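The following pair of complexes shares a single chain, subunit A, combined with subunit B in the former and subunit C in the latter.
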Partner chain A sequence: MSFSDITSDQVVMILVLLGIVISAVVAVTVRDLLKAAIALAVTSAILTVIMFIMNAFMAAVFELSVCTGLITVVFISAISLTRPKTKEENVKIEKHKLRRFVLLPVILIVVAVSLVLLFSKLNINWAVLTGTSTESFADILWKVRQIDVLGQIIIILAGVFGVIVLFKERDVK
Partner chain B sequence: MTLVFYCAIIAVVLLLIIGFASLLTSRNFIRILISLEVLMKAVTLMIISVGMVTHRIELTQSLVITLIIVEVVMIAVAAGIVIGIHKHYDTLDSTKLRNLKG
Partner chain C sequence: MLLLFLIVPLTGLILLNLLSKKAAQGSAFGFAFLIMISQMVLSLLIGSSMLNKDMDLFGSFFLIKLTANPYSVLMLFTIGLVSAVALVVGKCSNEGDNYKFNNLILIVLMGMNGVVMVNDLFSLYVFLEITAVTSFILIVLYKKRNALEGSFKYLIMSAIATVLMLMAISLIILTVGSLNYSDINLYVAKLGGSLPFPVMAAFVMFVSGLSIKAGLMPFHGWLPDAYMSAPSSVSVLLAGIVTKIVGVYTMLIVFQNVFASDKRFGTILMIFGCFSIVFGAILAIGQKDFKRMLAYSSISQVGYIILGIGIGTPLGILGAVFHFFNHASFKTLLFVNATAVEKQTGTRQLDKLGGLASKMPVTGGTSVVAFLSAAGIPPLAGFWSKLIIIIAAWQALEYSFAIIAIFASVLTLAYFLVLQRRVFFGELGEGFQEVKEVCAGIKVVEIVLASIIVGVGILFPFIFDFIKSLGLL
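Entry: the complex of A and B
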């Protein structure tokens, strides 16, 4: 494929994918935890854009409301409830961290290259996988995956009980 | 469309590497949670791009919604645990919690 075959849609998609990687790098490297949480929200928002481009509208709405909204609120409240470190402590930890993980970048690059190579070596038969999907999203969610929806309800209840137990124990003490 | 798919796979691998690197090197609990979130984003992007290339986006959307629910419950409970640890030990550094160290 030559460069002249690339359409404008593909260029937009590649730029958006580049954006999600850059915002993820910012989220894990920036020192201020509040800025990291906001960069994570930006990552979620860019993922929402990708989902809209790939025609996954329902998942995009969930991602935008839950991951960009709720998780950011949870993170920011957790950060404000816990005292952040001072700058000097952070710098000390960063130096210590760099000394301990000298070989980590090399290992990670090797893992990344091997993952990409492994994927390109996989001989996936797309013709078998690609089907004509006539069912709607609601049909699949409520008819094909009924038991999974039940599992989701149980997971949400488990989360609610977990949070209740945590906060109850703190009130007693 | 396959070009976009391969670019998405490369982005997934990069996100996984970024998340794992941060997960291994961080000691602050909130930063560890942020790394887990980045890993979750990689998995979500993988599922959605596979759904796009196999034309079964409806099925993958329902999978992604399950993933998002698991993700938000995990983060909510983990944030509660982090706040509890901060109340008990007054630190967010994972290396300073040595109560169970043998």
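Entry: the complex of A and C
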């Protein structure tokens, strides 16, 4: 395949994928927590774009509203409750900073190569992806996957108790 | 009918939290205990075919399809039993706020019940996550520093397991087109020995994920820390049932329902299992902490269950499930013993303990029953399940695995003899002259579990006839 064969769609896809890798790496490596949270939001915004391109509209809406919006708000409000690091602490972290990420490019390359190998052998059942079923999203969620909705309710309860256990302090004097 | 196992705890939990604070805190223990007992009774009724499990109580309101076979009904019973024991231990050990514990244990109960009854890989994943998330919270319940560290390790390992399982699920839906157990099994059976690479990859990922959750040998790093740092009631729950359901029983479900038609998958599991049996036992011998030794012993005993699953014959699966039940009863009992010893003496260090059998006769006596069952001494329950697994391996012509399993039994005996010698026999440790037997609740629990171990062992011929009549062999 020569370069002239690449369609504009593919160019967009490659750019978007590059963008998501870069923002994900930034989210992991950047020192400032606030910047990391924003980079994470950008990552998930780009993921939304990918989902739109791939026709998964409902998934894209959820990703945009929950992951990009809600979770970022929660992260940023949590970070704003913390105390920024002093200069000495920063110097200490800075020392080990690069050493920590030595393996990152290696892991990225290994994962990328294995995914390419895996998907080149994948005999994809396209009927699943294009959604030939006539049922609407609501039907599938409320009828076919009812048990998962019940699971969701239970996991929210678990989350509530988690917050109570971890963050609710009783004044002990 | 099966939906009751999810609806009852959920409604109970919500109702409990609607009560006034004082009433809720007063009744939480009794309430949760009642739910566990009713789960045990309900599963016994379904198991003895007195209730039809397909009976539809909720009409067309719920479209949830749950399935149960005799094995999963036994699991539901075991879940109820161990959770009830953990509740009593929590009540007696009095380490802190029991109200939150009583609530969280109901959520774990629902998670485990769901794992046992669903028939779809994605729903399985949802309920595994419920159980895992609640376990993280339970470990840090009293916010001790060690517990935060143990829970964090568990969280990270569990996240890796989750990623692996999700990848496997997506690979399966891409190639098979469905996540229903029977659809995947049909697909695998149709292709016979020539499975496409993605399905093989999915199997390896799924099994690696579950091995992390079960704490099998190369992936066991988080397990001893989590068990040790958790509050004692939580360690009883985790070691007795939670990690076994999320890791081991799920492995059985996935193997039996999804991948059973390919023999190679079984061999992978058998190698994993034997590795855990031998190295778990060897590592257990050198431990200096009561609970840490029990944690390594868990790794070793789980190996037997995995070996039974890997053999894949009906007898092998029966042995695996039966050993699962036995492991839940004797390991829970041993953890209750450890809790009793720690509560009364203030230490778990084997060097400091000794001679406690004279001071704590019930704890000492029941721990002997539990360890004899774990080591596979006849006529206790553990003997029969190990025997079944070894016979199944022999019948399946897997002689090397059978021989490893027999010799590893000797190792089990060795580390438990060390444990008994250093905790309950020998000279009384310094400063333990005034040690008294633990509170009544824990004593009752110890006696109940010990009677289950002895009773199941002695009555096994009758139980075996019952199993045959169910058509499982």
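Everything below uses one rule, namely that the second predicted complex is superposed on the first by the 121 of 173 C-alpha atoms of A that agree within 3 Å, B and C clash if a C-alpha of one lies under 4 Å from a C-alpha of the other, contacts with A are read in each partner's own complex, and residues count from 1 in each chain.
Following the convention adopted for this analysis, a contact is a pair of C-beta atoms (placed from the backbone, for glycine too) under 8 Å apart; a residue touches a chain by one contact, two chains touch by 3 or more.
None of these values were measured; they are calculated from a predicted model.
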{"item": "Winner by number of subunit A residues touched, once subunit B and subunit C are compared", "value": "B"}
{"item": "First (subunit B), second (subunit C), both or neither touched by A:21", "value": "first"}
{"item": "Touched partner set for A:73, first subunit B, second subunit C, both or neither", "value": "neither"}
{"item": "Which superposed partner A:166 touches (first subunit B, second subunit C, both, neither)", "value": "both"}
{"item": "Which superposed partner A:110 touches (first subunit B, second subunit C, both, neither)", "value": "neither"}
{"item": "Contacts of A:11 with subunit B and subunit C, given as first, second, both or neither", "value": "neither"}
{"item": "Touching partner for A:158 - first (subunit B), second (subunit C), both, neither", "value": "both"}
{"item": "Subunit B versus subunit C as contact partner of A:59, first or second or both or neither", "value": "first"}
{"item": "Touching both subunit C and subunit B, counted on subunit A across the two superposed complexes", "value": "129, 144-145, 148, 151-152, 155, 158-159, 162, 166"}
{"item": "Subunit B-facing residues of subunit A, complex", "value": "1, 6, 10, 13-14, 17-18, 20-21, 24-25, 27-29, 33, 36-37, 40, 43-44, 47, 50-51, 54-59, 62-63, 66-67, 70-71, 74-75, 77-79, 81-83, 85, 93, 97, 100-101, 104-105, 108, 111-112, 115-116, 119, 126, 129-133, 135-137, 139-141, 144-145, 148, 151-152, 155-156, 158-159, 162-163, 166-167, 169-170"}
{"item": "Parts of subunit A lying in touch with subunit C, wherever the complex brings them together", "value": "118, 121-125, 127-129, 143-148, 150-155, 157-159, 161-162, 164-166"}
{"item": "Residue numbers on subunit C that touch subunit A, as the complex places them", "value": "6, 10, 13, 62-66, 100, 103-104, 107, 110-111, 114, 118, 120, 122-123, 126-127, 129-130, 133-134, 136-137, 140-141, 143, 171, 173-177, 196-198, 201"}
{"item": "Complex contacts: residues of subunit B adjacent to subunit A", "value": "3-4, 7-11, 13-22, 24-28, 30-31, 33-35, 37-38, 41, 44-45, 48-49, 51-62, 64-66, 68-77, 79-84, 86-87, 92-93"}
